[in-house]
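In the two complexes below, subunit A is the common chain; its partner is subunit B in one and subunit C in the other.
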Partner chain A sequence: METTDSPITSLTPSDQNVLSENDIDSISELEDLLPPSKMESSNESKAIDTSSDNLNPKDVHVESQQDDAVVFDGSEKLVNASKDNGPEDTGEIVVTMLGRGKLDEQGVCANRIPSPLSETSLEASSHWDEDVTAESWRQHRKHVFVLSEAGKPIYSRYGSEEALSSTMGVMMALVSFIQSGDNVIRSVYSDEHTVVFMQQGPLVLVSVSSTHQSEQQLRNELIYVYNQIVCMLTQASITRIFEHKKNYDLRRLLTGSEKILDGLLNLVDFDPSFFLSAVHCLPVASSFRDSLSQILQKAITPNLVFSILVAKNQLLTIAQEKMVIEDAKLDPADLHLLINLIGASSAFQAGEIWTPICLPSFNPDCYFYAYISYLDPPECTVCLLLLSTDNEAFYAVAECKRKIEEAMLAQNALTYIAKAQSYSVSQVGVSDLRHFMYKPFDVPDNHHQLTQFTSPEMEAPYDSDEEKMRLLDLYRDMHGRIHNTSRPLKLIYHVAARETLLAWVTSKFELYTCFSPLVTKSCAINAITKLLRWVKKEEDRLFIRYPPKYSTTSNASKS
Partner chain B sequence: MYLIKGMPIRLLQGRTNELQTHLNADDQSKNGFWNTGKTFGPREGEEEKKILFYHPCEVEKNEKIRNVGLCEAIVQFTRTFCPTKPAKSLHTQKNRQFFHEPEESFWMVMVVRNPMIEKPNKDGKPPTIEYQEDEILDSVYGAVLQQCYSMYKLFNGTFIRTFEAGGVELLIQKLEKFFYRYIQTLHLQSCDLLDVFGGLSFFPLDKMTYLKIQSFVNRVEESLSLVKYTAFLYNDQLIWSGLEQDDMRILYKYLTTSLFPRHTEPELAGRDSPLRPEVTGNLLHYGRFLTGPANLKDPETKFRFPKIFVNTEDSYEELHLIVYKAMSAAVCFMINASVELTREFCEQLDALVGPQLTLLASDICEQYNINKRISGPEKEPQFKFIYFNHMNLAEKSTIHMRKTASVSLTSVHPDLIKILGDINSDFARVDADEEIIVKAMTDYWVVGKKSDQRELYVILNQKNANLIEVNDEVKRLCAAVQ
Partner chain C sequence: MSLRELKVCLLGDTGVGKSSIVCRFVEDNFDPNINPTIGASFMTKTVQYQNEHHKFLIWDTAGQERFRALAPMYYRGSAAAIIVYDITKEESFLTLKNWVKELHQHGPPNIVVAIAGNKCDLTDSREVPEKDAKDYADSIHAIFVETSAKNAININEIFTEISQKIPLLVTSDSGLKGLKLRRDQSDLTRERACC
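Showing the complex of A and B:
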C-alpha cells in the first residue's frame, strides 16, 4: 500500500501512518497532561455564577489530602466503592469515573470493580468484528467516524476502528489536503451517499449517510457526537491532550464509552427531539407536575444546580438553581446527552452513580457532578438526576434523593408516573390527521425556558420500525427544507404518494403534521386550526409551563 | 449573482494505452485508490500525462497534478461505501467541484467558485471575505458539466473513438480545440433549472400547418436522397425532428444558443442594409445557408459543413450538418459524412428548398398571428411557470425572457428560481407523483407538481393568497397548460 506513485501522495502527511503507529503512550504520561481538578472546578463555578462566591464548591485542602490516595486500574476507569462497602455491595453505591480527567479528584479507590460503562466494551463487540469490506457494512444507513487530527481512529459506528484505520487515514488526508490549499472541506455527494466532514478542535468527525438528510442536519448530528465526547472528557482536556501529544490514541480515555456513542446515534435516528432541538415532556396533569416540582424544590443542598426527573426517556420536571438560570439556561442538547448517557448503560440501574459530567452547551470546559439513580427498581423507568458543582457532595446529594424518594412515596407518585403515557392523536379529534409535532415559542418566560415540543404516539400505519423511520425521514426532510440555510421557507405543503405533510414555521410555533394522502387542502387547514386549539387547551398538561426554581446559595453561605 | 472568475475544467484519463485491454471498471474499484496509479497508471513523475485538458492552462504543473489527485482521491474514497456510485460533487468553503465520468475511466471535473461577499472592516484592515456556500445548486451544475460532454461528443464523437483513431495526441488536440472556444460561451451565472431539463421548446401549431411542414420534409427527403435526417424549427422552436431525442436536445441547444444568435443580425438589418448578405439575383426566396457556403455565387466558396456525431451508443454515425434558413424557419439536413458535398448539391438544395421554405415560413407566421389574435391580448398573468415533459423533452417557461447568446434573462428573483431547483431535486428522488407548495420568506408562493413524467413549477405573484387560493390558481393553470 505504498502511495508514492500517485499525485495524492502529498495528501498523506508523513506522520500519519496510522497502521504501523505503535502506541507508546503510557498512562502515566497522560497523567501529567491532565489538569489538577481544582482548576476545572474553579472554571466551573465561574461559569455558573461569577457574582456569587457562595457557589464556589472548592476547598483546596480537600484536594491535597487526597492526592496520594489515587489508584487507577488498567482500563483507566476509577471506581470508588464506599468506604464501608466491599465490592459485593456495589449495587448499593457505585461511584464511577467517566472521564479520566477526574482521576485525582476522587480519593480512596480500593477495588478494581469494572465501571458501569466499561461493561459496554464487551456487549458492544457484536458489530466490532463486522467485515468492513462486506456489502452489509456498506449498506448501513448512516456511518459515523471520529478521528484525531493525526488520522488516528477514535470511533466508528460500525466495524472496528483498527479495520477502518486506512479509511480514516484517507478521510484525514482529504481534510488536511484541502486545508493546505487554504480551504475547508465540507461534504461529498454521490448518488447514494452524503459524506459530511466536520472539524471540532483536534477532532475530525465524518458522517456517511444514505438518508438524504440535509448537510446541516448531518452536521448537527456530528455536533451531538462531539458533545457527547466532550460530556465525558471536557473540551479543555481534549485540547490539552492533543496539544501535548498529537497522535495520542483517545480511545484510551473512551474505553467503554463506545456504547454511549452507539446509543446516541440510535437515538438521533429514532428520536425527533434531536433534530428539533427540543425536549419531549411526558404529559401529566399540571397539578401532579407541580407537586413533583415542589418535591424537587424542597430537597436541596448547597451547590446543587439542576434537579431533573426523567420517566420513559421523557422529561417529567426540571428544577434549577436560580442563579444558574440567570446566567445561562440548560440547552435541550445537553439534556439529550444526559438522557442518552443514562439510557446507554444498564449499569446505572444498579444503585447510585456519582460521576463527573460536562454539559457542553452550558460550558464545554468544566465538569458537573451528576448523581444518577433510578427510583423504581427493578423496572427502572423513572430516573432522578441531581447535578452539583461540588465533587465532594455525594453524601449530601444522596440525602436529597432520599428526601425526594420519601416525598414521592408519600404521594404515591410512582404509581401515577407509571400510568402516565403519551397520548394518541385520536384525542385531538381530527380525522385524517395521522401524526404531528408541535414546538411552541410562545411559552411564558421563554427566554429562560427549555425549548419543548409535543407529539403523540406513532400509531398505525407508523407502528413498525421501518414505517416509523420513514415518517421521521419525511419530517426530517420537511425540517431540512423549511430551515434551509440560504433559502428558508415559511410553509411547505407536500402531497406524496402515501401521506400528505404540512410544515409551518411562525414566530409563535413550529408545526409538522402528517395527514392521510387524500386529504384536501381545506380539510388540512381546518384540521390545523382544530389542532392548534387543542394544543392550547392542553398546554398545561403537555408542557412544563413554569419551570420551578430554587436557591441553594443561602444554604451554602450558612454551611 | 455569482462571482465566478475562471472556471477550471479538467479532463483526465485514468488508464494508459498498454493496459487498456486488461482493465475494466471492476478491477479499478477493487484496488484501492492508492495503488491504482502505481500498477495501472503512468509511472511516478508522469502523473501529468493523465491530464488531457486543463483550463486555465497557465496553472502551474504541480498545482494541476494536485487538483487532479484530489479528484481521484475523492472518487476512490466514495467507492469505499458504494463501488458503483462514486462521488459527483465536492463541497468546500470556497468552491464546488463536479465530477462526471462520461466514458469509462475518463473523468471531467468542473470547479465553480462560491459567491463571495466582502465585508468591510474598520481600522483599514482588509475586508473579510465571506463565502456563500449554499447558493450553487448541484443539480444545475452537474447538468451543465454533462452538457459540456454532450456538446463535445456532438462535434467530435466519443473520447475513446478518437483515442483509438489517433492516440492521446489527437484526443488532446481535439479537446483543446473544442473546449477553448466552448468554455467562453458557458455563462455559468445564468444557469438554472432549465439546464437540468435540457428540454426542447416546441412551436405550437395547428394541424393543417403541421401537415404542410411534414409534407415539405417528406418531399425534400424524397428529392434529395442523400439527406438522412431532417429537423425543422420556427422562431427558435422545434416543430419536427427525425433525430433521436438525446441527439436532438443537444443539437437544439447548439442551434438556439450558438448558431442562430450568431446569424440574427443580418436579418434584423433589413433588406437594403449593407449588412445583409447579397442574395445575388435570386429574389424569389429568402433562403440561405447558415452552415457551409455563405454565398453560392462566389467561385471561391468552400462547400464544407460542420460534422456531427449521432447515435454514438450503437450505429455511431458521422454526419454533415447543413442548416438552411428562410425568415424565421430553419431546417437542418443531415447527410452521411462519407459523402462529399459539392457545389452542385448545394445549388440543387438551395433551388429546391429556398422557395418552398420561404412560402412555408410566411404561412406559419400568418397562422401564428391568427392564433395570437384569437387568444386575446396578453395581460400580465398572476403567475409565471416552467413546464417540462420527460417523455418528449418539451419545455416551456414564462419565467425566462427570450434567451440570447450570452445570458438568459429571468423575470423573477434568483432565489425563487433556486427554490424551484430545490423542489426539482426533491422530485428527482422519488418516482411517484408529488405536489409541493411552499411559501418563501418573501411571501411568494411556489408550487411544484409532478405527475406522469411531467413537471410544472409555478411562482404566484399574489403575496396575500392563502393555501386554498393558491391551489385554485394552480388548478386553473393546469387546465390551461394541458
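Showing the complex of A and C:
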C-alpha cells in the first residue's frame, strides 16, 4: 500500500452529509459500529477532525489517567538512542515508565466482554449465522472485512457476508470518496475503535478493532489475511479475474476456505509469532534435530524445493533446495500461512493431500505443489510438508514420504517428538520471571536464515484464555511502541497493576519479558542478564542453527 | 492371487459427499462435520474381487471451483471415475453432466464412469428423481447407484461394480510401474509450458 503525501483531504461535516444522504441506512449502521471522531489519511498521523471537539474529551481522559505513575517521556533522547549504538548503550538505560491507564484499561476491556474471546477460539465455524444487528456482534474485539473494489463482500470474520453487504458498501464508499480527492484512506480513530483500511490490488481489507493495537500492527494482520487469500489463489489470478470482470464474486473461489481465514485470525490473536514475524521452533536436542534434518536431506526427488516437518504447530526442521534459496528465502510469514492452513482444516488428516499452494512472500504469482501428510495418524500432531515445483510429482514425492517415514521409524523419532514440548519458564531459574519472548538476530548465516523466536509455555497466572490474551495485549502494546515509526524506542520498563514488563531491542536481539508486579528495576535487569545467559546456553536446543540444504541433482526448474 | 491397481477418481460439485463416500469405503467412518477437501486427497484400499486383489488408488478431488482446473491431473490415467451428485440439489446434477462431458472430451478413452446419487437417506428433500438420473446414466452407459455415505448404503457396491466393469487384463500386470512411466515421459513437457 502506497502512502500519499498529498495534502490531507478535509472532510467537513457537510461532505459527510452528502455521503449519508445517498445511503442513509447503511451509514447509520456503520456509525453505530464506529463513531468517527478523527480520520487519518497520511502516515504523518495528522488527524482530520470532523469535529475537533470530539477529540478533546478523549485526550483529557488519557492525561487524567497518568496520575498514578511517573512518566519519563524523554522523546528526543529515545529517538537518539534508537540509532543503533549496539549493545553497549545498556548502561544508559532510558526508562519509560508507562503508567498510562491505557494498558490496564485493556485488561478491563477483556474482562468486560469475555464472551467474544471464548467464541473466537471455539465457535469460529458457526460465525456466519451470527445476527449482525445484535449487540454481541458489535462487541467483538476485532472485525475483519474483505471486499472487492466494486464493493462486493468477500469475507467477514463474524456474520454472513450477505447480511453485511450494505455495511461493506459504505466502507467502499468511504474508500472511493477519499480516493476521488487523490488520496488514500488509512485509518479512522474513535474512542473505542481503530478502523484500518488497506487496499491490495482489487481487494480492500478493513479491520475494526477495539484492541488498542497500533495501526501498523493491524495493517500487518490485514496483510496476513490478504496473503492467505493469495496463498490459495495467487495474486496474478486475483488480478486477472477482476480485470476480466469487475463485479466478480470472489467468494465463489473461496468457498470452503472461510475456515482457513477464521483460523488465521484466531492464530493472529493468540500466537505471538505473527506480530513478531518470527517462527517458533519446537525445542529438541540439537543432535535429534540434526538427525531429522538428515532424513529430510536424503529423501529427495527432482523439483523438490522445501521439506518441512511441523509438530504441535511448531517447526521441527526445514530443509531446502540450494538453488532456490540463493535468490530468495522462505519468509516466516509464508511458513505461518502454511502452518495455519494445515491446522485450520481437518481435511489434511485424511490420506495424503496434493494441492497447489502459493507462498506470497516468496512469489505471489506462482504455485508450488504441496504434498501434505500427517506421520502419526490418528493423533495427527506431526505433519510433513513437501513442496515441489512440478505438479505431476505426486508419486515421486509420496515416495520421499515413504523414505522419511521408514527412517523416522528406525530411529523411533515419533516417540521422541511426542515427548518433546515447549519448556517451562522455571527452567530458566530466574525468580520473578513469569514469561518472555526472545528473538535473536545474531544467528549464523543470518541472511539465509529463518527469523525465529523462543518463548516458554504461558503458565499461571496466564493459563486462562482471558489472561493469555491480556498478556499478549500487553506484549503487543510494547511491540507497537518499540516499533513506532515516528518514535521508535529501544527499551521500555512498564509497571502495571498485575505485572511488570520490560521490552528491549538491540542489534542482536529483541526481548520481551514479564515479571511479577513487585520486582524492582535492578532486579529485572539482573534477571535479564541471567536469562540471556540461559538462552545462549540453550540456543542449540531452542533454535534451528544451521538450516539444512540439499541439491536435487537434476536441473531444478525454477518457476 | 494377483494384485491389480485401479486408479479411481471422484468428481462432483462441492459438498455432495465425495470425501464422505471415500471415508466410508476406506475407513468405514462417517463425520457429519467433515471439512471441505483442499486440492485432492489420495487414499488406497485393497479389496478382493473374484480371484484377484483390487487395490483402489483413490483420488478424492476438491469440488470447489478454484480446484476445477486441476481435475485433469487426477482423472488422467484413471481406470474409473465416480461422479457424485447430491439428490437434494438439482444444481449438483447439472454439474455432473458437465463432468461427464469433460471426461468424454479429455478423459482416458476407456474410463469406466460411475454415477453416485449421494445422500439418498434424505428422501424428503429430494430434488433429483431417481428415474431421471438412471435414464441419464443408461444413456451414457454409466454405472448408476444412489448412495448414502451416512447410512453406508451402496458404498461398497459402487466399487464392486467398478471392479466388474473394468476390462480384464490381457497381459500380466505391472500396474503402478506402467502408470509412472507414462506420466514421466509424455505429460511433463506439455505441463511445463502452461506453468
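We take it that the second predicted complex is superposed on the first by the 427 of 559 C-alpha atoms of A that agree within 3 Å, B and C clash if a C-alpha of one lies under 4 Å from a C-alpha of the other, contacts with A are read in each partner's own complex, and residues count from 1 in each chain.
Rule of thumb we're sticking to: contacts are C-beta pairs under 8 Å (C-beta built on N, C-alpha and C of every residue); 3 or more make two chains touch, one makes a residue touch a chain.
As the structure is a computational prediction, the values presented were derived from the model and not from experiment.
Student: Of the partners subunit B and subunit C, which touch A:Ala398 in the superposed model: first, second, both, neither?
Tutor: A:Ala398 contacts subunit C only, not subunit B.
Student: If we overlay the two complexes on their shared chain A, which of subunit B and subunit C does A:Ala134 touch? Say first, second, both or neither.
Tutor: neither
Student: Which partner, subunit B or subunit C, is in contact with more residues of subunit A?
Tutor: In the superposed model, B touches more residues of subunit A.
Student: Touching A:Met232 in the superposition: subunit B (first), subunit C (second), both, neither?
Tutor: second
Student: Is A:Leu409 touching the first partner subunit B, the second partner subunit C, both, or neither of them?
Tutor: In the superposition, A:Leu409 touches no partner, neither subunit B nor subunit C.
Student: Name the contact category of A:Leu254: first (subunit B only), second (subunit C only), both, or neither.
Tutor: Only subunit C is touched by A:Leu254; subunit B is not.
Student: With both complexes overlaid on chain A, does A:Ala497 touch subunit B (first), subunit C (second), both or neither?
Tutor: A:Ala497 sits against subunit B, while subunit C stays out of touch.
Student: So which positions on subunit A get touched by both subunit B and subunit C?
Tutor: Comparing the two interfaces on subunit A, one with subunit B and one with subunit C, no residues are shared.
Student: Which stretch or stretches of subunit C touch subunit A in the complex?
Tutor: Result: residues 14, 19, 22-23, 26, 33-43, 58, 60, 62, 64-67, 70, 73, 176, 179-180, 183-184, 187-188, 191-192, 195 of subunit C touch subunit A.
Student: Could you list, by residue number, the parts of subunit A that touch subunit C in their complex?
Tutor: Residue positions touching the partner: 125, 232-233, 252-257, 259, 341, 345-348, 350-356, 370, 390-392, 394-395, 398, 557, 559.
Student: State the interface residues of subunit B toward subunit A in the complex, per the touch definition above.
Tutor: 32-38, 41, 43-44, 47, 65-66, 68-70, 72-74, 77-78, 80-82, 85-95, 132-135, 138, 415, 418-419, 422, 426, 429-430, 432-441, 443, 466-468, 471
Student: For subunit A, which residues count as touching subunit B in their complex?
Tutor: 1-11, 138, 143, 166-167, 170-171, 173-174, 177-178, 181, 183-193, 195, 208, 212, 215, 477, 481, 484-497, 521-522, 524-525
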